[in-house]
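Two complexes, one shared chain (chain A), two partners (chain B, chain C).
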Partner chain A sequence: MLKLALLLTTVALPLSAGEIWVTNEKDDTISVIDVDTLEVTRTIPTGERPRGITFSQDFSRVYICASDSDTVQVMDPTTGEVLYDLPSGEDPEQFVLHPDDRHLYIANEDDAVTTVVDTQTRTVVAQINVGIEPEGMAVSPDGKVAITTSETTNMAHWIDTATQKLFANTLVDSRPRHAEFAAGGQELWVSSEIGGTVTVFNTADQTEKGKIRFEINGVNADLIQPVGFEFTPDEATAFVALGPSNHVAVVNAKTLQVESYILVGRRVWHMAFSPDHTKLFTTNGVSGDVTVIDVASRQAIKSIKVGRFPWGAAMRPTKG
Partner chain B sequence: MNHAIRTMACAAMLLPSMAVAQTDVPIIYLRAEVEQPPVLSNLDPVPQDLGLAGAAVALKDNLTTGSFLGHAYALEVMSVAPGGDVLAAAREALTRSQILLLDAPAAQMLSVADLPAAEHALLFNVSSGDANLRSGDCRKNLLHTVVEDAARTDALMQVLVAKQWQDLVMIIGPHPADAAFADALRSSATKFGMTIAAEKAWTFDTDLRESTMQEIPRFTQDFPDHDVLLLADPTDDFGRYVEHNTWLPRPVAGSDGLHAEGWASVIEAWGAVQLQNRFEDDHARPMKSRDYAAWLAIRAVGEAVTRTNSADPATLRAFMLGDAFQLDGFKGRALTFRTWNGQLRQPIAVVNARALVALAPVDGFLHQRNETDSLGLDQPESGCTAFGG
Partner chain C sequence: MTALIALRAILHREALRFVGQKGRLVAAMVRPLVWLFIFAAGFRAALGLSITPPYQTYITYETYIVPGLLGMICLFNGMQSSLSLVYDREMGSMRLLLTSPLPRWWLLFSKLLAGTVVSLLQCMAFLGIAALWGVRVPPLGFLTIVPALLLSGLMLGALGLLLSSLIQQLENFAGVMNFVIFPMFFLSSALYPLWKMAEASPALATACALNPFTQAVEMIRFALYAQANLPALGWTLLATVIFGAAALWGYDPVRGQMKAKA
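Up next is the complex of A and B:
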């Protein structure tokens, strides 16, 4: 393995150099994985119960939801130093950075509220009442629409970012966990963990366009629970984490058909691509590791031990 | 009505943020208060609001969802003092709502279900684990969100089988409920191929609290060797004093020690912490199984109203028993109703005082339909025909 790692280092192209930052929910740390050596290079302490993680557009700042510290921490990714905390509302779980690189939309899981924070003035701009246990957060590429999904109310709440008010609420299957815009913003995808489906909406009129269902030989349907998902840059393919079924589904984003399933670690949550999109890193909560998937061959190629209950993942490019 | 019926309206409605035609969903929680027999210890009194607190949390959950859809839920509690006229209260309740949660002994529950005024009502059993209510004495208008005793004892046996702790002995308390729980333990032991090698009746009539170290070793000394000592003491009288006082160093299970519950405060995963927090914030105590059963009943109503946009009991019942119904109960699987007896199919937590040991169905216990049906009365075992089975 050492030899392999060395070999990978020597042949690595500068273009692909980067890191995957993984939040360890039960260790209050971040594990930083080098995408070339596939080793953990740093472990950085955070606030309590880190979950959502995202970088600013120039990667000079990393935002971390420290759920049990009731704050969003802002860290300098080169030093690992927490620079300051943002007001976030109670129990921030997931968030999304608006394309203006300035406003964070934060799901406050215990409060049935979405909080909008201005990261420059470090103030709360708005709080929007949503359903019980808000979790999934997304913002459209044009920045006009933000989405919060609520796990117990089973809805996607559509927020007009100009007024910070709800303009639609659409029902999905049980326990929606994650939302992403797709097809250049024309579609909204929402995963339902207990319902076992991903619902695809037309953004223009919030109507349902289709629904993705999953089936894995030898795995009880109850345990196939879609949570996090990511699209390839051409948005032709989606990788969907299926929780306690320990598989990631590869979905054709045009036909909404599943093309294959990849066996990963136990209770897979979220994922992030390497900078060149040749590798996909999944967080596996129960087994406490990260699975590296080779995107071209759709095969798992390595498991990397991280901290306890890895949850969120985000990519940071580094100069090679 | 001679006996006091305490009525309180819990909540009305939130203002719908996007007003559409409003649907009103009144729900009544009817409780027949029961005198508890005296127990040795007062360390864990039964909460006054047991069950009711869970209903109140679910009402808030439903109101939030309803505020987006124009659905307004209301919860009224009717509590009948011990010896009071439960049937009269039920008749009165049914004039105001056809959706009732019943927190009462099995016999009273059946009398309510058999009232002519309840024929088309939607009733939920939130308190009784009685096997007959899911078998020969099932009723078409009575669904069960509380877990059956057999599902709890099956869950416990699955854990013992998985650990290969196969040789069992049992101590049984003097109350009818203790005997019924012992029956459930015996049936489950047989179902999973275990043997209960010896049983002893608990006969002490002294206050043991200061002599447990002398008395309980002697009492358990003549048991044949075993892996686990089972306790059938659901009354919670003596069970707490047995563990660590046995003649042989053996784990205790059943109604104390390792035990199976519909809900327990040690459940953390599957988002359960959110529900635990909501409950404790409002009620300043941990959520218990009966609270959870009441929470489930009102959430099931909420889910059905949300999806059907109707408050008609027949429409809601049909939806709940159909394929499209799925309830998230914070136990990692979608909860659905068994179509043969109206029991809500759900995982069972096997716990000790400090942690979740396993969430049954335990890995490896397979079932042709749904692994959760390895717990409790499966279709071939249930004598229920009222559901058209």
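Up next is the complex of A and C:
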């Protein structure tokens, strides 16, 4: 009987149990949101001006770019305790964890370099000179290519991870903010905040494949500033945060056409999916909240108050 | 039994009158639709309105004014039935109705209910069109809004009844438009949230909050999202009782206004 009760309890637990970790740039904290109750369950102090956030592959560690503390903090997500700092170079804004689960590629906004850090030995492996104000970071699924976008030089810099050297630079529209590989690594997507576009490249020869433009009825084109974006697991659809236009665009990743726009909070930056990918959480910098989007219906269902100027978001599954 | 026959007859007459007057049917639908399609488009807040309950996230202006427009339908219907009562009195059919052996309150309630049912049908038709227009309403909301619309219809109908006991002639109806419908509608949360009104003038915001039409609109707004706004429900109920009692007094041949007009 007891076993049956235990079994039923286990079955009844939500399969999608998880948390969304949101960095609050102005509050120097992380807000942790439960994906089922859609409420903030914890607020954890961090270093100064936390922005980029990512988990290790087994979710036992969380890496946080504490930009104004000039460090990457490594935290135990269960206790919220900062374990140690990693050397990161000055003003780390955004980073990406290599598929080897060991090397962090960090954009140092003020120094025009990309720093590669070994998280095990806690040492800087390489520093690569890139354009001015590097920000967007991506690594190809096979781990062979890393990308840095530089906001002022308006370029995507292609780094060979074997040699840690640049092997190509491609021009994009004004102020590139975010980069992601798509289509199993065959495409690279780069958003340009001032240009108002997302450029899609063929990874094989770094040629431009297409460009996505956005238009929202009643919203001035100047306000449409694409920043973060995420793909559904089948990579058929991309959700693109459009900054001060307060909307997220839903883009067909095959045709590169915008299918709809979803109204969210003010100045939407980045986003993260729930573990089952049914919900998408967007960080809205100016309104200080996180909007939850129902992925299937493409509708905003709730906005949750977090700290001041939420910036980055990352998902952590929990056991329920 | 006789009471039910009377109720059915009054409902039937109201339904016949509504269906028979094609122009009224169209006008009843056009009025809120013009507000939704044109006014809301002109005021469209493409960047979203701040979150106030019952909304859980940012909404467009179209979404905001739908409950207000449902209230508007109830308001105009309430006034319309008041107009028809004045007409009935002038034509003599009112005297025929009131000479029935049934209690007067029952006859007046039947009349009120008939008007409310007509208003409910219009509201549901409008809501259907609004949903097709892209205003998102949770499916349960179509059900939970029914009692809220019925109560709002009764409250505004009772107000209409009260006014009809006060109006001497059909020509005075324009005054009702100017002094009742417009202030009630614009001094409410139908078109703008109360906090927005408070920005302009706290006194105006207080006047809005005291307006029973505001309370009805807020009750409808919450019911549309399957939530109960108990203070709004309480105020609307209270207003219904007060307007209903005053209307009964007005129609009392011994004490009320009818004495003067008999």
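Keep in mind that, in the parts below, the second predicted complex is superposed on the first by the 307 of 320 C-alpha atoms of A that agree within 3 Å, B and C clash if a C-alpha of one lies under 4 Å from a C-alpha of the other, contacts with A are read in each partner's own complex, and residues count from 1 in each chain.
Note that in this section a contact is a pair of C-beta atoms (placed from the backbone, for glycine too) under 8 Å apart; a residue touches a chain by one contact, two chains touch by 3 or more.
Treat the numbers as computed from the prediction; the structure is a model and nothing was measured.
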* chain B versus chain C as contact partner of A:Met155, first or second or both or neither -> first
* Now for A:Leu256: first (chain B), second (chain C), both, or neither, which partner does it touch? -> neither
* To do: Identify the partner contact of A:Val295: answer first if only chain B is touched, second if only chain C is, both if each is, neither if none is.
  => neither
* Of chain B and chain C, which one touches more residues of chain A? -> B
* Counting only touches as set out at the top, which of chain B and chain C does A:Ala183 meet: first, second, both, neither? -> neither
* After lining up the shared chain so the two structures overlap, which partner does A:Val125 touch, if you call chain B first and chain C second: first, second, both or neither? -> neither
* Asked: After superposition on the shared chain, which partner residues are touched by A:Gly218: those of chain B (first), chain C (second), both, or neither?
  -> second
* Thinking of the overlay built on chain A, is A:Ser303 touched by chain B (first), by chain C (second), by both, or by neither? -> second
* Structure fact -> chain A contact set shared between chain B and chain C covers 223
* Using the touch rule from the top, collect the residues of chain A that touch chain B in their complex. => 109-110, 112, 129, 131-133, 151-155, 157, 166, 169, 171, 173-175, 193-196, 220, 222-223, 244
* Residue numbers on chain A that touch chain C, as the complex places them -> 216-219, 223, 245-246, 263-266, 291-292, 299-303
* **Footprint of chain A on chain C - complex, ascending** => 44, 46-48, 51, 56-60, 136
* Structure fact -> Listed in rising order, chain B residues that touch chain A in their complex are 17-18, 61, 64-65, 68-69, 271, 274, 277-278, 303, 306-307, 326-328, 332-334, 370-372
